[in-house]
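Each of the next two complexes has subunit A plus one more chain, namely subunit B in the first and subunit C in the second.
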Partner chain A sequence: MTTETQANPLETEELISGSEAIARACSLADVDVITAYPIRPYDTVMQFVSRLIADGELKCEYIVAESEHSQFEIVKHASAVGARVFTGSSGVGWFYAFEALAVTCGLRLPMVAMVGNRALDDPGAFGTEHNDALAVRDLGWMLNWAATAQDCIDTALMAWRVAEDPRVYLPVAISTDGAFLTHSQQIVKVPDKSLVDKFLPPYDRGKFQLHPDNPITIAPQVNEDWLMEIRRQTDAAMRRARDVITETHEDFKRIFGRGGDPFLEEYMTDDADVVLVGMGTLTLPLKVTVRRLREKGQKVGFIRVKWFRPFPAPELIESLSRFKAVGVIDRDYSLGSPFHGGVLLNEVKAAMYSAENRVPIIGFVAGLGGREVTVPATREMFEITQKAAESGTIDNQIHWIGVRE
Partner chain B sequence: MSTHAVEVVYRGIFQKNLARNITRSIVLASRLEGKIGTAFGRYGDSPERNGIPAKYFAVVADDAVELEETLASYEPTEVDVTIVVDDTLCKGVESWAWYGLQPINELTKPNGTVLVTSFQDPDQIKEDIHVKDQPYNLAIVKGSKSFSGLWVYKDDHTDVRILGALAKVCPDMVSLESYNQAIQQQWKKEEKVTSAERAHERVKSTPVEPGEGNPEEPFKFDMPGWTQMEEALVIRAIDQGGGFRGGEGGFEPVRSSVFKKYSTRTMRPVINFETCTKCTLCWLQCPDSCFDVTPDGLYDSDMDSCCGCGVCEDVCPVPDCITMVNEEAFTDNASQYEHWQKDRDNYMEWLGEKITVGKGEERSHGFHHVGQYAEEVSKLLEVGNDD
Partner chain C sequence: MTSTQELTPLRGVKNSPLEEFFTSGHRTCQGCESALVMKLMVKAAGPRTIVLGSTGCMYVANTTYYSTPWVVPWMHTQLGSSGSAALGTAAALKAMMAKGKMTDEPINVIAFCGDGGGADMGLSAISGALTHNDYNLLILMYDNESYANTDIQVSGSSPWGANSTFSPPGSLHRIMNKRWKKNMAGMMAVGHPQARYIATGCASYATDMMNKVRKALSIGGPTFMHTIDPCPKGWDYDPMYSHELGMLMVQTGIWVQYEVIDGEVILNGPSKMIAKGQKRLPVDDFLKRQGRFAHFEPEDIKYFQDQIDEMWERWWIPGVIPPSPEK
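Moving on, here comes the complex of A and B:
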C-alpha cells in the first residue's frame, strides 16, 4: 500500500488488483502482442486484458495459445520482429513452458511476463510460493518481486524499458504473490498515457529485427566452437542490466515522483541492530511488526529485495554489513541445498562471503503454499535473529516457521 | 483512528459478482470520504464451484498506515458486519478446505451485525445461527437469494440494497450519501440509488443476546502436524461400510468424519417412502453416495453428506416421490426414514407441509424454463418497492 499522498493531476486513482494493474500497464505501454493460457492465479490478468480489448482501450494481437509452451514461443517470435510483448503464467504452467523460457534469453529477446506465484504441484495448491519463478534464475531472466498493486503497474512500465534497452535485450518476469496481489484490490494511481510516453520509448529492435528488409537468420546450431562466447555475451548483458535498472528507476522517479531505490527497499534500518530480508508481499506484516517492536524500543528493520536478477550483491553487502545479525525469509525451498536453506538465503550468504564483516545470517522458511506469514510469526523470526546478534553464534541455521509439528 | 471490516458470505459461482460488487462499492464509497480501503475474496475458498460457501472482505481505514496494520493479517479476525446474501448460509459454512463448520457469526464483533437478505422472520433465522457468547444484532433486508453470478449479472438491486442497509447498521464506516454517490458513479442509474435509500429506511435490526440461537456444537477438525501425517501424499481409503445404522440389513457406507458437505446445500430432497418403487436410481446416481439402503430396501438420504444437487429428484421415475425443498424449511439434519418408521402419519403430514412451504421453481443450479430469469428480476425489484 502506497503511503505517498501527493496528487498528480495526470494520474487517476482506481481500486484494482495487482493483476489488473499489470493489464493496465499493457494498455499504457501500447503492447503489440499478448499471449495467454489459463492457470490460476495468473489467469486473472487474462480477464482484465480481455476486458480492456473488448472496451477498445487496448489494441493488440491477443492469442490464447493451446499450451504454455506455445504461449511463450509465440511472444518470443513476436519480439524478434520488433513487437512489444506481454505474457505470463503460474506454477507448473510456467514449468510447461520451460524450454521456451530458456531459448528466449539465448536469443536476447526482450519480453515482460507476469508470474502469478503459485506452489508447484504436487500436492495441488493455488497459494503463493516462489519456486516457480526462481527456477529460471540461472538462465538470463531478470526477476523482480512486487509488493503492492501500485508496485505492479510501476514495475511493469519499468520492465519494458529495461528489457528493451539495446544494452540488455533480455526478458523480465514480474512475480506477484498469488492471492495477496492477484486477487486483492487496492487503491492504485494509474498514470495518464502522456506521462508514460515521456518515460517509455518505443521498442526498437534495430539491426536485430527479423524483417524482409533486414535479412538475418537467428537461432543457429553452434556447438562447442561458439557457445561459450555466446553465453559470455548474455552474461555481459545481464551485468549491464544493473546500470539500466538504476537509470530506469531514476527516470521513473523523476517523471512519476515515486519508486524508491532500484534494488532494495529498506524499512526503518537506519539505526537497526537486526534486520529481516525478504521478497514480495511479506513486506506488509513485516512493516507492521517492525513498527510494533520499535514502539517497544527494539532496533529492528526490514529489507525487501526488489530485483532478484540481477542480484543486488553490492547493495546487500553495503547494507547488511552494518547489522549485528540478519535473518532471511524464504517463501521457497531448496531441498538438499547448503544447510537445507532457501534460495534467497543461499544467494544472500554467497554475496556476503566477500564482505569484510561476516554478519551471522539465519534462514527462515515460511509462508509456503500461500500460508499467511503472520505478525506473531515474524516476531518469532526477529527473536531468533536477536538472540544470534547477542550471542554472535547460530545454533540452528534454518528454521521452519509456522509449520505444524 | 478507526478501521472497519466487513465480510460478505456468499455462494460460489452464483453470487461471486454480487459479493465483489458489494465490497468494491464499500471501498469506493469510503474513498469519497477520504478514507482508504481494500477489497478481496478469500483465496482458498475456490468460489468457482457451484454453491460453495465463500467470502469477500472489505476493509476501510482512515489512512494507509492504519490499513496496513489491519492487513498484516490477511483475513480480518473480526468484522463489524457479516453480510449474508443467502439465508441458508446462516446454518454455518464449511470452507472448501477442511476447517470444520464455521458459525456464520464467528467473525462478527461483539455488538456487531449479521445482515441477511431473507424473507424469513428474525426468530426463524435465529434458530439457524449458532449461539455466541457476545451480543450482536441481526438485521434483515427483505429479499431472496440473489444469484448475481459469475456468468450473468442479474441486476435485482440486491447489491445496492445491502449498501443502503449497511449505512444504517454501520454508519461510522461510510455514510448513505457516499454510498449513493458511489452507486451513481458505478451504475449511472437513479433507480439503484432509490433502492439503496429504501433499504436504508426499511432494514430491521433485532438484538441477539448471548446464548440465543442454535445450541449445537459445530463440528471441528484439527489438522495434523508434519510428523504425524502419512508421507508420499497418501490418503487411505475409508472402510466400505456395513449394515444400515449399525444393524444387520441394508447398507450404509462409511463417510468422512472431517469433511461434510451440507453447507453447500440450498435445497434438500424429501422422500415419500410410500410411493418409492425401490428402483435404485437415486442411490446409483447420487454423486456423493448420500443414500443409505434401509433393511427393507428403501433409500434414506444422509443429510450431513447431501450437497443439494437435485440429481435424485431428476432421475426418480415416480412422480413426487423425491422433491427438492428449500433448505430454509429445515432446522436439523435428522433422518427422514427414521421419522417415517416412528410415525408414518406424522411423517406424511410433515412431508406434505415441507413440500407446500418449500418446493420452489428456482433452482440453485439453473432455471426451469426460458424466461424465468427475467421474471425473477422483475419480481425481486417489486419486493424492493413493497411497503
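Moving on, here comes the complex of A and C:
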C-alpha cells in the first residue's frame, strides 16, 4: 500500500480490525485501568485487551465489572486518582451506564471510551445505529466518529491527549460502527511506542488528584448556590476543547505524518455543486459513488464529520455555504424533532441558520440497525440532492433510504 | 496484592487516637448515629486513607460546598456505586504504584453507602467488588433503615411494619411494609467465600466498631461492614436516646454483632452472650421507644418477636445463616 508520505520506519503495517486497533492504542498509551463488560459489538476490543494483558503486552489493572454502570464508575474513580483509563460499551449497555456517563462530565474527569455503535433494543438488533453515542451529546462528552481502523488507533491516541489536557478534562467517546469497523480488518499503520511517547504526555491530575497527600473533597452538594457557575466552567472547557483538538491534530500530523483536518474530512468537494454529509463507515460507499459520478461528469463530493462534539459549526458554515445543495445522512433518528429526521441533520441545520447563504439541506435516514448503506443507496441520495440543487426548492425534507414500505 | 497498613487493635475508647479526620463542618441531625459511624470509621483508619461516599445522608448532610467535615481526601460517588468507587480507587492506586507513577505505600480505601445505596441499588456493585481479591478496600454500609435523606422512605433494609413516607399505616392497611429486613452481612459473607473479612457493627459499641474497621483494612482484599445506626428523624425518638437504642437493638437480639474472619463466624459482645444462653430483652422494649412502630398492635409485636425468636432458636448461625435443616 503506497501513501503520499514516506513510510515511517517506526511504524509497522498490520491487518487488524478497528477494535484491535484501539486495543493496541491502549498498550501504546500505557493505560492504567481498563474495565470490561460484555455486549456486542464493542466487546471485541476487550477480547483483544485481555489477550494483550495475558501475553504481557499491556500492563494495567483490568477489571471485568458486573454491569456497564460499574464499568464506567470504576474508571471514573480511577481517573480521579490520576490513572489513565479506558472502557467502552454499545447500545443499551451504554445506556445502562448513563448515570455514570453524566457524572463523569460533571466531575471533569478525563476518560476514553469506545462505543461500538449498536441499535437500541427492543426489538433486538446487533447492527450499527448512532443513537447510542449521540444520546450523551448535551452532557459534556467529546464525541468522535471513526471511519477506518487507522482512524481508530490514531483517534484513540489523540483522545487521551485531548481528554487529559488540563484545559479540557472531559471524557471522549470514539464511535465505531458495529461490525463495519469493530469486526472488519484493514491495513493499519501501528506506531512504535517511542513515537507515541513523543506525542502523548503522561496524565497529570495536578491539584485535583484524590490522594492522602492532597486531601480534597470532591463533588460536595452545591445546589442552586454554585451549580450554574460550575456548568459554565464545563461549557468553557468544551469551548476550549476545539483549540486543543486542533493543536493535537497538528502535532499528530507532525509526528506521524497523517490525520488531515481535525474536524472535517472533505472528499472531492473543491468544485462540487452538491455534497452529502455523514459520519462513520458510510464514508467508504460514499467515496466510491463520488468517484463513479465524477467519472460521468457530475460535480459531487462528500464531507465526513469527524468530531460531533465539539460540533464543527464554523468549519461547516464555511464549507457548506459554497454548494448548491447539501444532503445530510443520519444513521440515527430523532423522533418528533423539528423535521422528523436525524440528529446530525438538526445540528447541521442549526449551524447553517447563521450562514449568509442558506443552502437547501435535505435529510436522509439510512443504514439503521446495521443495514448496509449501499452504493446504489448513496447514488439515490445524490440524485435527490441534485434535484434540489437544480430547482432550488425541497419537496420533501426527509427521505428514508432503503426502507421497505 | 499490595500491602496493607498494620492497624493494631485499640484498647478502649480512651486509648484511641486523639486525632479526628471527620470533624466539624457537617449538617447531620442531632443524635445522628451515622455521623458517629463516619467519625469512628475514619478515626480507626487514620490519615493515609481515601474515603468515597455514595449518595445519601452522609453525602448530602455532610458535604455542602464550601464546608466539609473530611480531613482525609473524600469523593462523592453515585447511589449504587460504593463498590465500584472502592474498586476504581484501589485499582488506580495499585496500577500507578506498580508502574512507579505514584509512591508505593499502603493507602486505605473505604467506600460507604447507606442501606438504600447498599442493600438496594448498590448490591450488585458491592457483590462485584467483593470478588476482586487483588484490591484492598472496605465497603461500609451505614444502615439507618430507610432512605432517610430523601424523606424517610422504606428500603430493603427497613424493619417489617415500620412507618415510612412510602409505607404509612392507614385505615385499611395497618402494615404497609410487609418485607422482612435483608440480611446484608450474612449475604455478603456466604456469597463471597474469598472475602476475608465481613462484620456487623454498632456505634454504641464504639471500640468494637473501630477495631472491626481496623481489622477489615489490615487483613487485605475486599471487605465489608454493616453498621446499624439509630436515626432520630426516621425512627422517631428523642435524639438523646440514639446510643441507648443501639444497645437495645443488640440486647433484644434484633441486631446481631459478629464478624466473619476467613470464613469463621465469631459473635461479639452481647450477641455472644445471648448465643451462650443469656436472656434476650423482649423486642417491644426496643419497638415501643420509637414512633415508627407506634401503630403496632399486640399481634404485630408478637409477629416481630416470633421472627427474632426463630432466628435465635432455629437458624444455623443466628444472624448469619438461616434455618438449619437439622433444627
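FYI, the second predicted complex is superposed on the first by the 399 of 405 C-alpha atoms of A that agree within 3 Å, B and C clash if a C-alpha of one lies under 4 Å from a C-alpha of the other, contacts with A are read in each partner's own complex, and residues count from 1 in each chain.
Everything that follows uses one rule, which is that a residue touches a chain if its C-beta (ideal position, glycine included) is under 8 Å from a C-beta of that chain, and two chains touch if they have at least 3 such contacts.
As the structure is a prediction and not an experimental result, all values here were calculated from the model.
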Quiz item: Do subunit B and subunit C fit side by side on subunit A after the overlay, or clash?
Solution: fit
Quiz item: Does subunit B (first) or subunit C (second) touch A:Pro212, or do both, or does neither?
Solution: second
Quiz prompt | First (subunit B), second (subunit C), both or neither touched by A:His69 | solution = second
Quiz item: A:Glu99 contacts which: subunit B (first), subunit C (second), both, neither?
Solution: second
Quiz item: After lining up the shared chain so the two structures overlap, which partner does A:Pro123 touch, if you call subunit B first and subunit C second: first, second, both or neither?
Solution: first
Practice problem: Check the residue A:Val403 against both partner chains and state whether it touches subunit B (first), subunit C (second), both, or neither. | Solution: first
Exercise. Please determine whether it is subunit B or subunit C that touches the greater number of subunit A residues.
Key: C
Practice problem: Give the angle at the C-alpha centre of subunit A formed by the C-alpha centres of subunit B and subunit C in the superposed arrangement, rounded to the nearest 10 degrees. | Solution: 90
Practice problem: Could you tell me if A:Phe382 is touching subunit B, subunit C, both of them or neither one (first, second, both, neither)? | Solution: neither
Exercise. Once the two complexes are aligned on their shared chain, state how close subunit B comes to subunit C by Cα atoms, in whole Å.
Key: 25
Exercise. Would you please give the residues of subunit A that touch subunit B in one complex and also touch subunit C in the other complex?
Key: none
Quiz prompt | Of all residues in subunit B, those that touch subunit A in their complex | solution = 24, 27-28, 31, 36-41, 43-44, 46, 64-65, 67-69, 71-75, 223-227, 233
Exercise. Provide the residue numbers of subunit A that touch subunit B in the complex, in ascending order.
Key: 1-3, 13, 15, 17, 41, 122-123, 126-127, 178-180, 183-187, 284-285, 287-289, 370, 372, 374-375, 403-405
Quiz item: For the complex, which residues does subunit C have touching subunit A?
Solution: 47-50, 52, 59-60, 63-65, 67-68, 70-78, 80-81, 83-85, 87-89, 91-96, 98-99, 101-102, 107, 124-125, 127-128, 132, 134
Self-check item: Touch list for subunit A against partner subunit C, complex
Solution: 30, 32-33, 35, 59-61, 63, 65-67, 69-70, 73-83, 99-100, 103, 202, 210-212, 214-223, 225-226
